[in-house]
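Per-chain residue numbering starts at 1, and chain names A, B and C are given in the order in which the chains are listed.
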Amino acid sequence: MYNEVYKNLKVRKFYNQIYDWAKSLPENVIVKKKNEAENLFKKIGITFSVYNNFDSTERLIPFDMFPRIISSTEWKKIKRGVIQRALAVNAFLNDIYNSGEIIKAKLIPENLIYKNPAYEIKMIGFKVPKRIYSPIIGSDIVRINEKNFKVLEDNCRTPSGVSYMIENREIMMRMFPELFEKLKIETVENYPNYLLDTLKSLAPKKCNKEPKVVILTPGSLNSAYYEHSFLADLMGVELVQGNDLFVDESITYMKTTRGPEKVDIIYRRIDDKFIDPITFDSSSLIGIPGLFDSYKSGNVNICSAPGSGIADDKAIYSYIPEIIKFYLGEEPILENVKTWRCCEEDAKKYVLNNLNKLVVKEVHGSGGYGLLIGSKSSKKEIEIFRKKILANPSNYIAQPILELSSVPIFDKKKLSPRHVDLRPFCLVGADKTKLVDGGLTRVALNQGSLVVNSSQGGGVKDTWILNE
Amino acid sequence: MLSRTAENLFWSARYIERADSLARLLEVGYRISLIPNTERGYTNEWESILETSGIKNEYLKKYKTISKEKIIFFILFDLENSSSVKNCIKVARENIRMVRTAVTLEVWNAVNSSYHELDKNLKDTRNILKELPEIIEWIKKQVNLIRGTILNTQLINDGYDFLILGTYFERADFTARIINVKYFILLPSINYVGGDIDNFQWSLMLRSISSFRAFKWAYGGQEITYTKIIDFLILNMTCPRSLIFSIEKINHHLGRLSKFYKQTSTSQKKIGLMYKNIKNLSATKITDIGLHEFLKSFIEEINFVYKKFEQKYFFGSET
Amino acid sequence: MKIKITHSTTYKYSSMVPRLIQCLKLYPSVCDNQEIIEWNTSSSCGKILESHTDALGHRIQNIFINNFRGQLKITSKGILKTKDLSGVVKGLKEKVNPLCFLRETDLTKPCKNIERISIQAKKNNKNQIEFAHELNLIVSDSIIYESGSTTTSTSSKDALMQKKGVCQDFAHILISVARFNKLPARYVNGFLLEETISGENTTHAWVEIFINNLGWVAFDPSHKKCIDDKYIRISTGFDFEDASIIKGVKNNYNGNEYLNTKVDIQNCQ
């Protein structure tokens, strides 16, 4: 396992100052600062009415004060690699919804695309504005060793967590301004501006004035509602729900007290199937009837485009290196995690023989559904998965259980290492691709745990990219 | 501003005003229960409280008989009563929560803490009658705190207008209803209209709108008469609970919205007309028209104004 | 064969509908099996706006009406010249890969009975097209036609359980079993010229199955045959819900909706 702070019992150069600082903090100060951080979180949370003392619709995600540091050399590579993937993913989406060259070239099996429910046939042949399908991509990156960062997943639909990236920084700056004087740390505060610029650059065909952007949320009961309102506030755009919008004669409007106001770009944080009850799930109550028609008529843009989800399907993931080479003519800068596709006979055999050592994932799904972590599962659970794989091999992929790198946390009063990952947020606009120098570091707070998800004992850290 | 935002602001203020009105109604009930009275008069009074708050049917569906303890519980705590004080504060908070960033942090804190103290202070007690004064005090205090915070911290923009409009639409409706209910109960026969009235009952009514002392100041310590009461509750601009006061406020804020948005609206034209008419009225004229007739058409007109207002600003479908 | 069609749908609303949208897929498919001599869709209220042609070749039209009261009648009228191509549907203008129609939907999920039908059909080894015919025959006998016996949300599984259904259910069962056997299959809406006891016509539904070397071949399991020149193709999709020819949405409306469809199909030779 790679320790990001220590090398052969010595602290790495760029962690020196932080480490000394952390060691110098008296116990009572650590406790005090921890409380202070929590209070600051609550204060910001209360601004959006998410947290308060009595109830919280969203659990306060634990924040750890020890920052995660990435050197500028390391970051340059990650940045180039993430941007490369984001561009490739968009080229891929544009291709499979139009001419399908990559399939004709037999680089990806056609079954994998066409049988996949995430491949939205209503998008076929439609020219999305500026050919950008997925303008916001959050790639999950893990560090394996000194040299190697690998990408575990690219979230192409509506990646969340960016509000924590901004908020973590805000809290660290308020609590430890002296550290920011000593070290040169890249800022992340421009993210909302970049996001707004990116979205505005994707105005639909028939928009001939300053484009009007809104964020579409499923509502206050959604677990990411806090982030939706946080972003809307920082971008200075309206946070709307389905019922705030309507379509008349193929034009999308927002209901305002001044009367209907035309909307040009919708950054939607609702799933494809809920977008429009006429075109998709007719039982959707949070969608806007006629929105898809308005979209296809070039009157409004929906970001990300319906059907973008195919690109982050776990079955497609293993083809990302081929996708990069095919569209960009480049070698992948960041590696994928070794993946066995159970649809291939040899791979299936290997997987079935090594279930206790692997993570098995269901394709066409997102999140933790249908996941088996071999080393943490009972014999019975493993056997259930074995049967599932045998019954429908093409529905599964497997990956080795990764040893995530570690960074210390303030455990009680002293430092103690914990596993981390990293999610930077890449913005793909009409002519510019941007990545703020930072990201969300998620940390598994339980000792030894590799699960960084906030729902399963994960916390967050501020991520510092050094400007050397 | 999003229509939904305006709607949420409006309803949160409206529900807060409603909680206030209910507290005042219960105060009347409490006073009655302390004064020896005929059994019939007592029942009448509680019944009229239910009627004024517009929940008589709902109550009877659940409880069948008129009992003061049950009524107090129903009005204060019962979550099955969509207009209980508890529900009013809860709904007010939910509405504000939906548009959290449209109000100041102070306003949010005032509403939010009222909601959270609600359970502590509005607990369902065995001796409900005994604790009633304290509970009523608490509700009035919270409402005043919220309203004061709105006045002191909100930007005076369109959002502010929607908040104030919520308050006065509710108040106009409530005052009209309370006079109407009293009218029926106290003057069942046409012969009595304009004649001598039950001093005690009317003074209770003044108390229910917290205007008993105000009335004394306005009209001197003399006898309460029918015309004076009509004048005070309907036509007196110095009485913050009179109909004309609410109408003036609604007229003012709808006018501000029209100016702000540079658009005329049917609701504004109609309320302007109502205001002009009510200004030219006198207590004698109202008696000539007939108090009941007057109130009936008043309620119809204010509902019409509300419908048009709602269509224009909340639904975007004014026709 | 020359066929004249009048299709009208009447909607009645019990109270005012603040916003009403009707999305129409009412234009006959452009293909070699049918030639459109004339076709016109009109609405008693609101303009019919052309939207776009989707990837399956549907010409989509919309009607938007605000504050609607009363009755809305949408009428399509026209004359088509049809050809019998032995069930093969030729010259479709579509961009969708047939493999997309291997996906399961809620209305067409396979079940035990589908497996049973499938095993029965596999008995004699046949080529794809023979197998598809065999499936059509077995599905035709798998349930009994009974009008009104099912609803719009009845799945193939439900229909097989109760052993009766209408053309929609026959179609769903055939789709399920075809997809279960890795044959792409889809739902088709259209009209069938036929003599009925009542003299009244209705819309009809059948199935297209993709056969290598032939393309889409249309089977009508409720009539135990392939389509001929008495069939007019209007719309297609994964299942009944996806293929529906008129989809309406009423925003902020709590009243009732009454629906009445009238179809008149005549041979005009």
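Simple rule for what comes next: a residue touches a chain if its C-beta (ideal position, glycine included) is under 8 Å from a C-beta of that chain, and two chains touch if they have at least 3 such contacts.
The structure presented is a predicted model; accordingly, all values stated were derived computationally and were not measured.
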| item | value |
| --- | --- |
| Central chain (by mean CA position) | A |
| Label of the chain whose CA centroid is most distant from the centroid of subunit B | C |
| Separation of subunit A from subunit B, taking each centre as the mean of its C-alpha atoms, in whole Å | 50 |
| Between subunit C and subunit A, distance of the C-alpha-averaged centres to the nearest whole Å | 40 |
| Geometric centre distance via CA averages, subunit C-subunit B, whole Å | 57 |
| Touching two or more other chains - residues of subunit B | 315 |
| Subunit A residues counted as touching two or more neighbouring chains | 243, 246 |
| Where subunit C touches two or more other chains, by residue | 19, 66, 252 |
| Interfacial residue positions of subunit A with respect to subunit B in the complex | 46-49, 52-54, 220, 229, 232-233, 238, 240-241, 243-244, 246, 254-260 |
| Residue ranges of subunit B in contact with subunit C within the complex | 315, 317, 319 |
| Residue ranges of subunit B in contact with subunit A within the complex | 1-4, 6, 96-98, 100-101, 105, 108-109, 112, 116, 158, 162, 257, 261, 263, 313-316 |
| Subunit A - residues contacting subunit C, complex | 100, 110-111, 114-115, 117, 119, 121-126, 243, 246-250, 277-279, 282, 289-290, 293, 296-297 |
| Residue ranges of subunit C in contact with subunit B within the complex | 18-19, 66-67, 252 |
